Structure formats: C-alpha cells, structure tokens
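Note that the chains take the letters A, B and C in the order they are written out, and that residue 1 is the start of every chain.
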Amino acid sequence: MEMEAARRNIELLNVQRSLKKNQRSLFIKRFLANKQIVFGSITLFLLVLFALLGPMLTSYDPYAMVVTERLQAPSSTHWFGTDNFGRDLFSRVVIGAQVSLGVGLTVAVLSSVIGLVIGLYASYYRVLDHVFMRICDGLMSIPAILLAIAFMAALGPNTTNIIVALTVVFSPYVARIVRSSALVVREQTYIEAMKAQGAKSWRIIFRHIAPNTISPLFVQASFIFADAIITEAGLSFLGAGIPTPDPSWGNILSDGKSVIYTAWWMVVFPGAALILAVLSTNLLGDGLRDLLDPHVTSNKKIKYRKNKLLKMGKAKV
Amino acid sequence: MKDYLMYLIKRILSLIPVLFVVSIIVFLIIHITPGDPATIMLGEDATTEQIEELREDLGLNLPLPQQYLNWVIGALQVDLGSSYFMDESVTSSIMGHLSPTISLTIISQLVALVIAIPAGIFAARRRGTIADQSVMGVSLLGMSVPNFILGLLTMLVFGVILRWLPVAGYAPLNTGLWNHLQYLILPAVSLGTLQAALITRITRSSMLEVLNNNYIKSARAKGVKERQIIYFHVFRNAFLPILTVIGQTFGGLIAGAVITETIFNIPGIGQLTINSIERRDYPMIQGIIFFVAIAYVLINLIVDLLYGVVNPRVRLDRK
Amino acid sequence: MKTIKLSWIAFMLTLALALAGCSSASEGEPKASGEEQAVAGGELHVASGQQPETLDPQMSTGSTVKTVARHMYEGLLALDSEFQPQPMLAESWELSEDRKTYTFHLRQGVQFHNGEEMLAEDVVASMNSWLEKSSVASQVVGEEASFVEKDEYTVSLTLKEPKLSTLDTIASPKQFAAIMPKEVFETAGANGVTEYIGTGPFKFVEWKQDQYVHFEKFEEYQALDTPADGLSGKKEALVDDLYFDYVADNTTQLSGIQTGEYDFADSLPYDNYEQLTQDPNVTTYTDLYGNASFHFNKKQGLFTDLKMRQAVNAALSSEEIMLAAWPHEDLYEVDSSYMADSQAWFSEAGADEFNKADPAKVKQLLDEAGYAGEEIVLLAGNDSQLYYAAIVAQEQLKQAGMNVKLDVVDRATYSELRTDPANWDLLSVGLSTVTTPSQHLSISADWFGWAEDEKLHEMLAEIDASETVEEGTAVWNDLQDYLWTDYLPGVKVGDYFSYYASTTKVDGITIFEGPIFWNTTVTQ
C-alpha cells in the first residue's frame, strides 16, 4: 500500500514537473513569438554589449586630445571621425553609451522604487493619498523638461544631480500608475479579511498589494528608461546636462550642433545611437506589456494599448 | 446639469492645492540656484562690492519666507510682479510671448492630424499587412527621434540646402498669413512628429476596436460600401479617443516647444522661460511656471469635460 | 625648442601683418561710402547672440550692452582706432598745471532725442551717476571726486591726485559714461534708467524682450566733421531702422546669414569661419576681444603658493588651447602681452616665462611646492569659447600630474561662484581689452583672484602718477616682467578674436570693440 502511494506521489510529481516545464516553454515560446520583444531586446542587448565591450575594440583614450586633428571625417583609423578637440569619436560614443544608458537605467530603477512606495502608501492611507497626490499633481503640472532644467540649474551640472533631477521628475508618473492599480486590489475581499484579522499593514502592502502592481510598473519603467535618455540628451543639448569632459550622447550632440554644417558625423553617430536605444526600448516596452498581461484578449489588448498611449502622451516631454 | 456644475466647481477647487505646491516647489528651486539677477545685470567684469550693493537695492537680501509671502500676496491680487530686466510686468510679458507658442502648437497639432489620421486609418484597414507594419514602424521611429535632432535636420535640409523656407525667426500673424506660416512650418513639423506618431497609433487601434464590433459586421453584410463604413461609421465612433489624445498631448506640445523655440528662435513662452532661467529673473520664472501649470491643468479639465459632452455615457465622477 | 620658438615668432609676425592689413581695409570703407551717399534708408537687421542685460550702459559691464547702447548714447570723449581719447560731446578739454583738474568744454546745440538741448547740468548728473556705478571709474578717479558745473557749457573734475588714465577711463567704451538728460536719473530704479534718451545718431524706439531692440535714425543728429575713426569722428545713421534681433543659437545665426535673413550676425559657430570667408555672398570681420586667461585664486588654497602658480604656467601649452577654442589662425594670437599690440602699452617683457609646456620644470616646481595630488577646482562658464579652452587646459594639467576637477556651469552660476574664494582655485576668464594697465582686471585687488600684492600696486600707482604715456609704459614694462616671473596673477594663454559676418549687401561696417553700424548702408 505504502509502495503504491509512494509511486503515485512520484507520478504526480512528474506530471507537475512536466506541466511546469510546459508552462515555461510556453512562456519562452510566447516570448520568442513576440517580434517586438525579440527585436527590442536584441538591439538593446547589442547596445549594452557595445557600451561594455566597445572600449576593448579601440586603443584610443576618449579623453586624449590631438587638437591639430580636430574634426576629421570617419576613416579606418578613426571609425567615427574625431570631435572638435581631436578626440576619437568612436570611443566617446562608446563611453557616452555607458553614461546615457547608465543614467536611463538608474533613473528607471530609482523612480520605480520611489514611485512604487509612494503609490502603495498613497493607496493604503487616505491622508497620505491626499498629500502625496497633490505633490505629484504639482510636479506633473510642470512640463518635465522645464522642471529638469530648473533642478539642474539649482543643483549644478553633474551626473549624480541629473539622476536626482530626472528621478524627481519621473517618480510621480510611476506613483500615479501604481496607486491606481493598487486601489483596485485594496478594495478586494481578501485584503479586507486580512485587515480584519489584524495583519500588519506593511505586510499587506508589500506581500499582497505590491505584486499586483508589478506588471504595469514594469511597462512604465521601460518607458521611463527611454524618456530619461531623451530628457538627458535634451538637457545636455541645452547645456544643462552631463558636464564635459565626460561624454554622453547628449553633450556630444550639443557640441555637434555647432559644427553640424562641417562635421555631420558628430551629429549622426551619437544621434543614431540615441534613436536606436529609444526605439528598442519602446519596442521592448510594447512587447512586455502584451506578454505580462496574459488576461488581455486581443480586443482588450487594443484598449489597453490605447490607454497606455493616452498615458504616454501625458508623460512625454 | 447640476451634477455638471458641481463637478466643475470641484475640479476648479482642486486646482488650489496643486498651484500652492507648484509655487512652493518653484520658489525653493530658484532660490537655491546659485547666481541671481544682480550678478547678471552688472555684466562679466563687475566686482563683489557692486553686486552686493545692487542685491540690497533690489530686495534680494530679504529673508526667503518674507520674499515668498510678498510674492503670494501679489499673486492673490493677480499681480505676478515685474521683471528685473525689463520695465514690464510679468503678466504682460507672458501675454506678449503667448501668441507664437499658441500658433506653433496649433500648427504642429494640425500637421500631426493631417499626417496621422489618414495614416492610422490606412494601417487599420490593412491590418497585418506589410503596409500596416511599415506605418507602425515609421510611427515608432517618430516616437523615438528627439525633436531637437529633427529640428536640426529639417533646418539643414529645407532651410539651408533647398532654401524653401526660412531657417529661423518669427513673423506675427498681422504681417500676413503666409509670412506667418512660413516661419512656423519647419518647427511645427519637428515638434508635431511625436504627436503624429502617437495619433497614428491611437487612430489605428481605435479603428480596429470599432471595426470588430457587430454592427459594422452587419453593415458589411448588408452591403454598405466599404468607404462609407470607414468614414461614416467607424471613424465617427473612433474619434472620441483620438480627441482625448489630442487634448492630453497638448500639454506635451507646450513642453516640447521649449527646445523647438530655442532652435528656431521663436520668441514664445518656451524661449522666455529658458532666458529667464538663464538670467535668474525670479518673478518671471515663477510667473511662467505658474501660468503653464494653470494652462496645463485647465486643458486637461477641458478635455475631460469635452469627453463628457461628446459621450454622455461617460460619467464625470468616475474620474 | 629654439627653432620652434623662432618659427612661432615668424608666424606671429605674418599674422600681425595680415591682421593689420585687414583692419586698415575695413577702416577705409566707411569714408568711401560716406562720400558716395549711395543708398540711404531701409532696415538693418543684426543677429545678436545675447540680449543686452539692460539698456543703461552705465549700469553694466556686459559687452552686448556696450555694443547696442553706443548707437543711441554718446560720451564726452570717444576712442579712436588707436585707443586714444578724442572729442565727442566735449569739444575740447584742458588739464590744470597740477594735473588734478580737468575742464571740459561742451559742444553747443547738441540735442537729446527728446528735443532738448544738452547742457552742463545734464553732463554733471550723468557723469556723477557713472562715477557712482562704475567700479573702474571710482578706482581711477577716486571715491570723493565729482563733476561740477562751471557754466552752461563747461564742466570740471578735480582729483585728489593726478591720474594718467583719467581721460582713457572716461572714454572707455565698456560700462561707458553715457550722457543722458538729468531728468531720467530721477525716475531711475535700482536696475538703472528706464527712459532711454541719448544724443547718438540712432534713437530708441522699442525693446521687445527676447525679440529685438529697435532704433531709428535720429533726424536732428549733428555729426562732427572730423573723419570717422574708431568710435570717434563723423557718425551718420544711413539706414532708417536698426534692429538688434536676439538670436541665441549660433547655427541659427549661421543659416540666417547664409539665407540673408539677417544682414549681420555676431555669434557664429567658430568652425564655420573658414567656410564663410570663402562664401562670395558674405563678408567676415574679426574683432579683438581680449586676453584668454586662467586666473589664480590668490586669497586661499593651493595657489597662494607662487611655486604652484608657476607650475601651472609651465604646464600649459598655448597653441593647443587657443586652437581648440578659436579654431582658425585668424581668430587667435599666442601672445604674452597683457595689453593689445595696437596700443602704446604693448610689451614683450616676461615673454620668456610664457607658453613653456615643460613637463620637467612642472615636476620640479610641484615637488618644491610639496604638491601631493590635492584637488584643483577649475571653474568655467559654459557660454563662450572659453569653455573649450578650459577643457584643453584641464587635460594638459592632468597630463602634467595635477589633479584638476573641471566645474562647468551656466553664466549666472559662474558669476556667483567666483565671488567666493572657497569655491575655486583656477578661473577661466576672458578679459576684454582695456585702455590702460590700471583697468586690467587680472591685476585688480578687488576683482576675483584678488591680486593683493604690494609691489604690484606700488608700481601701478607709479604708472598712474606718471606725466606722460612714455613714462608710464616704462614702468609698465617692468611691472609686466614682474607679473610673469615673480607674481603670476594668472596665466594669460593668448588673445582671441570674435568674428562676425555680414551679407555683401551691407557696406561700411566698422569693427572696433564690437561692430559699429553708423555710416553703414544696406542695399535693399
């Protein structure tokens, strides 16, 4: 009898295991079937690879100047040409990729975390809701780029400050989205029941409400990543971003702007890198949303995408 | 109707805390920013002593809470103060810079609509084909190109190489419609591209949503002409979300105008803001951001109201 | 090393000759066009990269204020192209025996733009307001001295001690002593006069903030009959309307001048200079701005030590810095003189210490100073070519073993940060050309960097007290040698030029301390 039971157990386990396996492979299949995700993540991955391995491909120091060789067109020695100080543009675009992608990623992560906490607490406590949401409304009613410019003028231009400024600018957008999905969960019976049983509020918030907000948060984070890259470039373009001599795509473009009629390469290469990064992130974000929300049927998906677009329109600088 | 009025009053009252928050944020930011109007006004060679004297004269040495209070008292009386650099009040300065920005945003929006709505309909009708995918691809590209790069490129191609349009500057409407327009076409294109991309996508998805409805299917079955279906039935029903996106992205346009106005040298609100920040014209910065925030919130309010008017099924208090 | 230096001198000489050729050519033009009276009238649009901070020239040292305001205002004296004071609103002047009292005889019948005649009381009010506002003026003339009315057409100024540079200061085009009707000072606020009334060939019409300053021809203007020379002599408004259009973006200015949108552009991308010189539809002009310099904080920090200052001086290589910032040989000069080569004060004293780029010497000096890698803060503004100079300088100092942090900030922040010696060690500055050494900011005890050296100020006083320019230049020669070898208030790396462009439809522009648009015509 016992033997029989054990055998059954093992059989059951096997079934379970293979089911899980099936599920996983299904997920991978859906992942791979989603062209947007595949294309987006491959491009983004290549860009990251470019940023990390690029320095090994070239022997040029991105800071070393040969002023007499300024503004040389792309050639076999300088693949992307040289900039207005005679520095190798390829190595600067590579380091610029590290800076720009780094800033984008840090801002996306930080504003997600801050927005998540603010959104969750706002959804849980009514008083906090009023305070937090009024502050968010205030911050969101100032156009993002203006707010960022003002912050940068106040804090002074350096990489840390640009991250701080952009995080302050973008967190409210995350908080809003987290709050609205958390509000729905909060009203559900099982949460009420837990409250009645006297569960600690931080436990309810982080163990039970938070997981339900992760999908929209993920999607929003991917768009913030793209927006942060664009905004940083815009700030640097206006001279309020990453300070020289550190390269970022934005400040290479800003230097390139004044030589656009003589040295196209200073605009084209960092510009293309910037567009590629934003494009692939947008693709990835679109795809992720479809993937992470299995409940959406194709018609609903359209609706969902529409709402997403509405939100994006608001968030775009 | 009574509901409507109550809702309106509630929304307008909810503006007050927002504006209060905005004024504090802006006030704090500008006062922790190094540099002040005195250092700018006296020029590059001024000495510390001179700067200190002018600061005293301009009242920049007063304690911060007092400066803030003075400003709030003024603002409550609809007096936003006057510029340190011009013999002009902040309000009249903003009004003077308003019309270029309004023209620019409206023309950008028009450019966006003219491109986006046909493109969106086209893509929706050919869902899944290469044509659809290329429209969507282009719109995705449009969403990913920063407007300052686009501005530089259009300026280079159409202004300098082809010389079809003036590269920069601005002519007010009273100098003639064409004169006015020709200065705004390039900036409007570079500013409107993001709009166009967003509207193309929303048009496509709203169209698809309606196309899948049963009444369209039955209209088809009845043999109604395809063109009629598209323009009379589908588009009319799909227009509501499009209208919403137009309204909501208007705020984004105003923000985008900051960079576009700088590149194309258009003396609008965006340029005024950048210049005021650069010369630390405190009352001006405060005034503009306050003004833009009000405009932004009001536009959203109008869109919400319009939504209710166009589609009475939408209950206002749900928002 | 020697041969390089020799070839440099040769290069400099050719450059100087070329420049001399340029400037004399452009000076010849206004007279020619004045005689022909070819086409008068029309509008002249000047694209200006900066908006004037104010239109009260007494208020600000800003260079845009200077170039815009001088079309509407005039002073008692004006500089000719050799930086010599010449009569303008004062028709003559004399100096008392003890060299302390200056008496100015005013031109009679000069009209303000409001139709009233300029009288001594207006001059007294204007000059005293200027003495109060200008720190250079109060430094040269002294705190107590003031202008006094003698009769309707005569004013005088009495100093405590004779000062050689008095007239130069009164004639100085920067933060200049504009003469205005005395009433405007009654309504003036802390931020300067609000009614813009002068005596110049153009009168003020409108200032549309962030768009343009509009002047129109002042019909009643009575020009001098001496030939135009620098800012002095005959001035005539030959266009009906003069606009200074504010165009911040330099690429916009470039495309605007190429398409004829603007008649003149003052802030063009430096890398397009070469291209514009070859454009048949465009005329280019160069204009000496002044010294590009890295200034030491001598009040606190590492550079209170002379050895450290000398180490920086030994590390910098001028050509590279100048070329990166002003990328054409027409646009910079590698030159050690504090004063311009067109001035009597030009001197080559101390040139041996200049532009050495000698790593071994740097190492030795750093060792002697006991430098152990402390951070050096180099503060620079982001609004001019000096920003590029600072980037190269940072790299050179780093290569020479110094730990330099570059702080690049916007103009307002820069102006604020530099007032506090705790904020910086090395300051990137452009010092505009001055008429006498005592006005040179790099040796001012009050200006940022705080050159509070006793010997320096004794010698300056000696220059000021000297009777003739020749006497003064001899002392200045010694002083400049002392500055390079034993004091080093900063490291001057070279002189730089602004460059401008006009379309070929424009004729008769003179360049002197910025563009001058009187005696200028536009073919419509």
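Quick notes
Rule of thumb we're sticking to: contacts are C-beta pairs under 8 Å (C-beta built on N, C-alpha and C of every residue); 3 or more make two chains touch, one makes a residue touch a chain.
Because the structure is a prediction, the values reported are computed rather than measured.
Traced through touching neighbours, the fewest hops from subunit A to subunit B number 1.
Averaging Cα coordinates per chain and for the whole protein, the chain whose average falls nearest the overall one is B. With centres set at the average Cα position, the gap from subunit A to subunit B is 24 Å. Taking the mean of the C-alpha atoms as each chain's centre, subunit B and subunit C sit 41 Å apart. Averaging C-alpha coordinates per chain places the centre of subunit A 49 Å away from that of subunit C. Multi-chain contact residues of subunit C (touching two or more other chains) are listed as 251, 409-410, 412-413.
Residues of subunit B in contact with at least two other chains: 33-34, 152, 156, 160, 262. For subunit A, the set of residues that touch two or more other chains comprises 153, 156, 257, 260-261.
Chain contact summary for the complex, subunit C toward subunit A: residues 250-251, 254, 269-272, 275, 319-320, 323-324, 327, 382-383, 387-388, 391-392, 394-395, 406-410, 412-413. By the touch criterion given at the top, residues 134-135, 137-139, 141-146, 149-151, 153-154, 156, 226, 230, 233-234, 237-238, 253, 257, 260-261, 267, 271, 274-275, 278-279, 282-283, 299, 302-303, 305-306, 309-310, 312-314, 316-317 of subunit A touch subunit B in their complex.
The touching residues of subunit B, when paired with subunit A in their complex, are 17-22, 25-26, 29-30, 32-34, 140-141, 143-146, 148-149, 152, 156, 160, 194, 198, 201-202, 205-206, 208-209, 212, 241, 244-245, 248-249, 251-252, 254-256, 258-259, 262, 273-274, 277, 285, 289, 292-293, 296-297.
Across the complex, subunit C meets subunit B through its residues 51, 53-54, 59-63, 65, 133, 135-136, 174-175, 190-192, 194, 207-211, 245-249, 251-252, 255-256, 258-259, 261, 409-417, 419, 430, 432, 441, 444, 446-448. Per the touch definition, subunit A reaches subunit C in the complex via residues 63-65, 67-68, 70-71, 84-86, 153, 156-157, 239-240, 243-245, 257-263.
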